[in-house]
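Heads up: the structure comes next, in structure tokens.
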Amino acid sequence: MLVKTLFAGFGGQGVLMMGYCVAYTAMLEGRHVTFMPSYGAEVRGGTANCTVTISTAEIASPVASSPENVVVMNQPSMERFQHHVRTGGALIINSTMCEREPVRKDISVHAVPATRIAEELGDIRAANMVLAGAFTRLTHNVSLEMLLDAVGDIVGRKRAHMLELNHRAIIAGHEYFDLKKPAKKRKD
Amino acid sequence: MRKLEPRPATLKDAAFHYCAGCGHSIAHRVIAEVIHEMGIADRTIGVPPAGCAVLAYNYFDVDMTEAPHGRGAAVATGIKRAFPEGVVFTYQGDGDLAAIGTAEIIHAANRGERITAIFINNAVYGMTGGQMAPTTLLNMRTTTSPAGRDARREGYPIRVCELLAHFDGACYIERTAVNSPRNIRRTKKAVRKAFQTQIDDLGFSLVEILSPCPTNWKMKPMDAWKWIDEVMSVQYPIGVIKDTTGDTSDNAG
Amino acid sequence: MKAKERKRAHITINAEECKGCCACVEFCPEKQIGVSKKLNTRGYFPAAVNGVRQRCTGCAVCQVVCPEMAIVVVRDG
Amino acid sequence: MGKKQLLRGNEAVGEAAVRAGCRFYFGYPITPQNELPEYMARRMPEVGGTFIQSESELSAINMVLGASVTGARAMTSSSSPGISLKQEGISFMAAMELPGVVVNIIRGGPGLGNIAPAQSDYFQATRGGGHGDYRTIVLAPASVQELADLTHDAFDLADRYRTPVVILADGMIGQMMEPVEFRKPVVDALPEKSWALRGARNRRSRFIRSLILDVDLEEEHNWKLYRKYQRIQNNEVRWDEFMTDDAATAVVAYGTAARIAKGAIIRAREKGIPAGLFRPVTLWPFPMKQLKRLAERLKTILVFEMSTGQMLEDVKLAVEGAAPVEFHGRPGGVIPTPAEVLRVISRVHGRAAKAKQDKPG
Amino acid sequence: MGKKQLLRGNEAVGEAAVRAGCRFYFGYPITPQNELPEYMARRMPEVGGTFIQSESELSAINMVLGASVTGARAMTSSSSPGISLKQEGISFMAAMELPGVVVNIIRGGPGLGNIAPAQSDYFQATRGGGHGDYRTIVLAPASVQELADLTHDAFDLADRYRTPVVILADGMIGQMMEPVEFRKPVVDALPEKSWALRGARNRRSRFIRSLILDVDLEEEHNWKLYRKYQRIQNNEVRWDEFMTDDAATAVVAYGTAARIAKGAIIRAREKGIPAGLFRPVTLWPFPMKQLKRLAERLKTILVFEMSTGQMLEDVKLAVEGAAPVEFHGRPGGVIPTPAEVLRVISRVHGRAAKAKQDKPG
Amino acid sequence: MRKLEPRPATLKDAAFHYCAGCGHSIAHRVIAEVIHEMGIADRTIGVPPAGCAVLAYNYFDVDMTEAPHGRGAAVATGIKRAFPEGVVFTYQGDGDLAAIGTAEIIHAANRGERITAIFINNAVYGMTGGQMAPTTLLNMRTTTSPAGRDARREGYPIRVCELLAHFDGACYIERTAVNSPRNIRRTKKAVRKAFQTQIDDLGFSLVEILSPCPTNWKMKPMDAWKWIDEVMSVQYPIGVIKDTTGDTSDNAG
Amino acid sequence: MLVKTLFAGFGGQGVLMMGYCVAYTAMLEGRHVTFMPSYGAEVRGGTANCTVTISTAEIASPVASSPENVVVMNQPSMERFQHHVRTGGALIINSTMCEREPVRKDISVHAVPATRIAEELGDIRAANMVLAGAFTRLTHNVSLEMLLDAVGDIVGRKRAHMLELNHRAIIAGHEYFDLKKPAKKRKD
Amino acid sequence: MKAKERKRAHITINAEECKGCCACVEFCPEKQIGVSKKLNTRGYFPAAVNGVRQRCTGCAVCQVVCPEMAIVVVRDG
């Protein structure tokens, strides 16, 4: 089993951190994993993205031209990367920052008002964690528990306040879909 | 009704890829305006650096050629010697000019090459992500001076204008900034005078432009602009550092 | 001079080219410019002319400082 | 045995170097290797080491030379254009028989090129881009784990043979994060270096140099180096094979290209194509004999590089016509996909099978 | 047709360059090529050209790059260590498709080595000592006359293919005086260069660069260069054969080694040994097919180089096992004698003859 | 009866290969005397240049290592950082230090590396046969400035001490000569003080030695020695150029 | 026919000029010729030498480990290079500057007091031309007439005084052996 | 002081190591040194002590200036 996920958004939205947390979780789960940041002159443009590949076997390439999942944190990233999602794959959207709907009909689209949820939790910078939580719920690519653990390692258990905020954001994202009726064409 | 066109004809119709509030954008416009106003667009050759401005040829509507990182002054020397009618300028960052390109700029200045160096001092390596530059201020944190620049370990911020003023071949050297309307206008005058120095066959000219890099300074753009006034220009005082052109009318800025 | 500067003018801001650096906001002597609450498609909060009625003198300071050349000053006189 | 960490390739190099006893890092920024000097800038002060961002790549390699003269373990890193600038220094270190580690995180070239991953500096690394008769050991990792392991080994090899060692990776391996475990023990005491200069205390003074004006002595020195290089060729060849036992077609690839090829080979096997992978880990010394031996059992060889064909020459030199050699190259920073390589394997294998059919027996 | 002059190799390069229309020379002193910059320092002012003794070899190659951008014919020269310093610039010129001539009067290496003649920079010249997928045309003269002729050709080739051309000679050819006749007509008007930059007058502005961030475009650029290199390989191979018609043993050698070998072959013939000489004049493109064709008629090949064996690899790549390849090398600045080479020829030939005897039919 | 041994113990028993009246020979002896007298022979590492003094390790009886042409300051930096107890000096000619090695010496000085540079200014490239150096005087003929150095074409003679004095990391800089008993003694004091500056961990130190090259100046040795007084030291004044050691007692020479 | 001659002496004695004149003469005679100066760090030591090879066919190597002729202008060069002369070859000595006799017995040795002769002609710097003249007489490697012509080209016919001195020196060297009884083991 | 300097001393010159640069000749305050008319084996005319009777003070100036360390001063006192 090999699954690739692309995370994208503006620089500063914590896109790389989101991908890193997911990749770290997979490592804790003992899986093969690669995390590949986009790098380069694009950074000037203010957008960032990364690809996380999780597999039960060795990973040939850490990049993805057509990932199974795409998580986007804003409108421009959605516009651009929706076209990358593999047919039948999932597109997870930070709906607070995306006004328009994606055009793709052959993929499942999941909208999470991540920025709004984070704002409600007290810090819009936690929007990435909301999406990470939603990601675990929607893809089962990594487990919620391990993600919480991973974030514990990464944020550092001493920074209790930050950690708690992140944990709450992850759980909120995870639970968002329990409260909500299934997305169209949703699949596990 | 009269529109003031902000884009000089010597700039291509392309949006800058620079970060918000970056000084490169303003420096580009100012140079383009001078080239336009002096009517030298058809004989100007620019030499952009490796640095954030590496794509400057996408903006300037004059002939341009790349140079390897730091070698702008040598490339410009080759151009100017082979095309003496030309107006040749290098556009170089502080990493490019004051680190890897130290020898090239010094010897071009010493030979009095009839070229103009536009030296963008933003106190960091912008393009590569904010490493320490020779011009990084003491105690300033960068990705390669994470504890703040320490004189003992990393040396002192280098004052390029004062250094190059040492050389007899250097004819006109001024330091300006692009962090306020006044400084931007001053920069324009300085660039014009530097080009004129070259055209008048007087010697080497250089304009150092203190230029905000909000991204790597990790400041909001306007904080970065203010920081130039409050901190950076203390180490790097704005003004004419050397002028042996004989024409000092413009030096007040 | 003062009288002349006071004469009517206005500016237009290209919200898509603006990167929200706030230089125009900072330096407009007449405080004519503010920041929009709406992100543009490149992810910046662009500058916007303050309020409805402009007291712009056409001094072009905003244009001089704008790194993106996103501002056009129109002197109505 | 440490625990697993999720590390970027560039950082893994840094940590592995520190664990291998490297206390002197000199370098100059260039994408896509910046995280390495940045890591060293943070890490070196913690371990009492020295980090200097030198004024240029040229200075960096010469600072390495200087530190190495004293017996210390020292390294520098850069990416393609910056490595070109180090060639004079590398030639000097080879001539002066000074150990040292040079990391090249290759980007697209020639010239400024771009900052995407490439494998186009193979010639420079394996043939000595500098002047004179010398070689450097060249190690080519295909994962972040292997990058860490080989970095450690690089210091050992450099000291053992008193020669500069090049780690040749690319932007992908430098930038990518993967789980890494630092398996080799931390080096506390460096190997004794009887030749090092730390002042002529209780011994006669000595010097280290590469200038040998007497041509006979210089020739002798050249042959001495040559014999050393032969020793390295005899002892230090490393390579990896995957599913070659029954393979009819073998892909020869290293580094990033090899791991992509491996993915393609797994899929090829699923499709019933008997493909395998021969992966040189040391690019110099190239596993000549090993590849020859394999070639004798093969129908075809497919050389796959992220370049227009450089290792290709070594493969041909190794194979000596024992099997036909085909080439697939993707230069310029393109990261090819396993699917693409699979297509090429299928085509090449099909052609070989057909050729066999046409000339039975 | 000029009259014969007794000229030093280094000076012959200078005069030939001037006659070929070169008006820009940038260089830095290093033995054994100093007479070339010194000649240019005197000569350039006479023809309205420019001589600059640059602050370093690095600056020199970049001044050449700059002059070349304007369409001028420009050159630089150095010897081994200085050529290592030019590798970044050469890579840039190749990438930017800029003509230019680089003369390497090789000395003993690696490192500072010595100032005696050697052939140990073959790899660097033919494989691109710089980074990225590029090649330079490499011309290897064996006499002062040929050095002058090839210098002239170098400028033509550089312009025709928009690529840097390397003249690879050694201290002996650089220092030696021989009669020279400048046979090619003086170039008064340079070829039209539609790409050159001399200000955007009556045309749109343009730029010359090697940075191509888009990997697909950079790949395209790489293949474009590759096709150009193939064109050069098809059209520009030069080589020389001597007494190969009935030869059983051929010596493959270039430059100084080739002329020494020729002397040995004449003596071998006197002794009844059917030896011949295959002399590549272009080292890149190497005369692959031509040597292969010859090899098929031979009993043995003896590669003879003033190095530990670099061209050897190209010979093996060319010959593809068609004949056994033996090697005789004298690195480090030694100038071998014809007598010595004769001994090696005799031995190698004897061995081949014996082998034939042992396995008759 | 008391023999005054002219050869300090820190010099090997080998005749110099330098030309008659060459300053390198005297500079070598003076440095060796200082090392001997300071008792630091067992922790000194010297870095000779590419230049006439390339074989200096045949003379100095201390540990020495070669550096590529011009890179002495970088090599010395590597040595000193890895062996801080050491006393590390480079020995560099004007081509080596002021042309190809410009960037290295400047940045070493700026970092305040605790090394000492002995800078032999003989206004030409000696080893390679008398080409122009950055320090060649105006109108002076060399093999690469056959019409005499022309400022317009070849730039101006570079004053290295004054240039390096610009850098805060440079602590002690003096210019001397080896063309008379008095100047030779002065040189010895300067070298001693430079070494002391390093040992006291104060910063970068450099001693520029005006040194006759009769061969390439095409003068008889004693004419060359006099030429230093009469011509060369006008362009390159002898004296302490910078001293921030706090100890100025010796500066009179 | 291939003949190699090594010329050696102190720097400043005009050794390279002597060799160059001989080589130039051979060129005028339409022969194959190479002139190879010694170069290198030795120059510091104040000695210089060069090898001239003259042949009717292409010349394989311009250097000589055992030349047919050696012309030495001083004692140290004689000491060193007498050992290089091929058995049966010729050693021509500037006897003014050589006190001792060569030890070789298997070669012909010709002593010319070149410096003294030059001094008598008015300029000791012409000693090299005296030896060049002697060289033509003793080896017949190049002809006297052509040598005079060559020196005309080289010195330049405008510098009449210099040229005349050189011509007189060459002729004096050439004629020296006519006035003198043949050297031991002399051969043409 | 003067008296002390006047005390007897002498020098020896290693004629084989001397390169005849004449620094000692030039700088000896007592003009004790001249140039030999006989080349040494390295081709130089070496320095030589003037005349028979020396008036050397042992001041060692010659030794200080001699690049070749060819002079040894011997203070007889």
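Order of writing sets the chain letters: A, B, C, D, E, F, G and H. Residues in each chain are counted from 1.
Simple rule for what comes next: contacts are C-beta pairs under 8 Å (C-beta built on N, C-alpha and C of every residue); 3 or more make two chains touch, one makes a residue touch a chain.
The structure presented is a predicted model; accordingly, all values stated were derived computationally and were not measured.
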| item | value |
| --- | --- |
| Intersection of contact partners for subunit C and subunit G | none |
| Steps in the shortest chain-to-chain touch route ending at subunit D and beginning at subunit A | 1 |
| Winner on C-beta contact pairs when G-H is weighed against B-D | B-D |
| Cα-centroid distance, subunit E relative to subunit F, in whole angstrom | 39 |
| Length of the line joining the C-alpha centres of subunit D and subunit H, rounded to whole Å | 62 |
| Subunit B-subunit F separation of Cα centroids, rounded to whole Å | 35 |
| Contacts with 2+ other chains: residues of subunit C | 44 |
| Multi-chain contact residues (two or more partners), subunit D | 31, 52, 55-56, 58, 81, 88, 92, 96, 111-112, 114-116, 209-211, 213, 335 |
| Per-residue overlap in subunit A, given as positions that touch at least 2 other chains | 40-41, 45-46 |
| Touching residues (chain side subunit E, partner subunit D) in the complex | 58, 80-81, 83-85, 87-88, 91-92, 94-96, 106, 108-116, 118, 120-121, 123-124, 127-134, 209-223, 225-226, 307-308, 310, 313, 316-317, 320-321, 330-335 |
| Of all residues in subunit F, those that touch subunit E in their complex | 50, 54, 66, 68-70, 95, 99-100, 102, 125, 127-129, 131-132, 134, 143-147, 153-154 |
| For the subunit H and subunit F complex, residues of the former touching the latter | 17, 19-23, 25-27, 44, 58, 60-61, 63-77 |
| Subunit H contact footprint on subunit F (complex, rising order) | 1-7, 11, 15-16, 18-23, 25-26, 29, 180-181, 184-185, 214, 220-222, 225 |
| Complex interface listing, subunit C residues touching subunit A | 39, 41-44 |
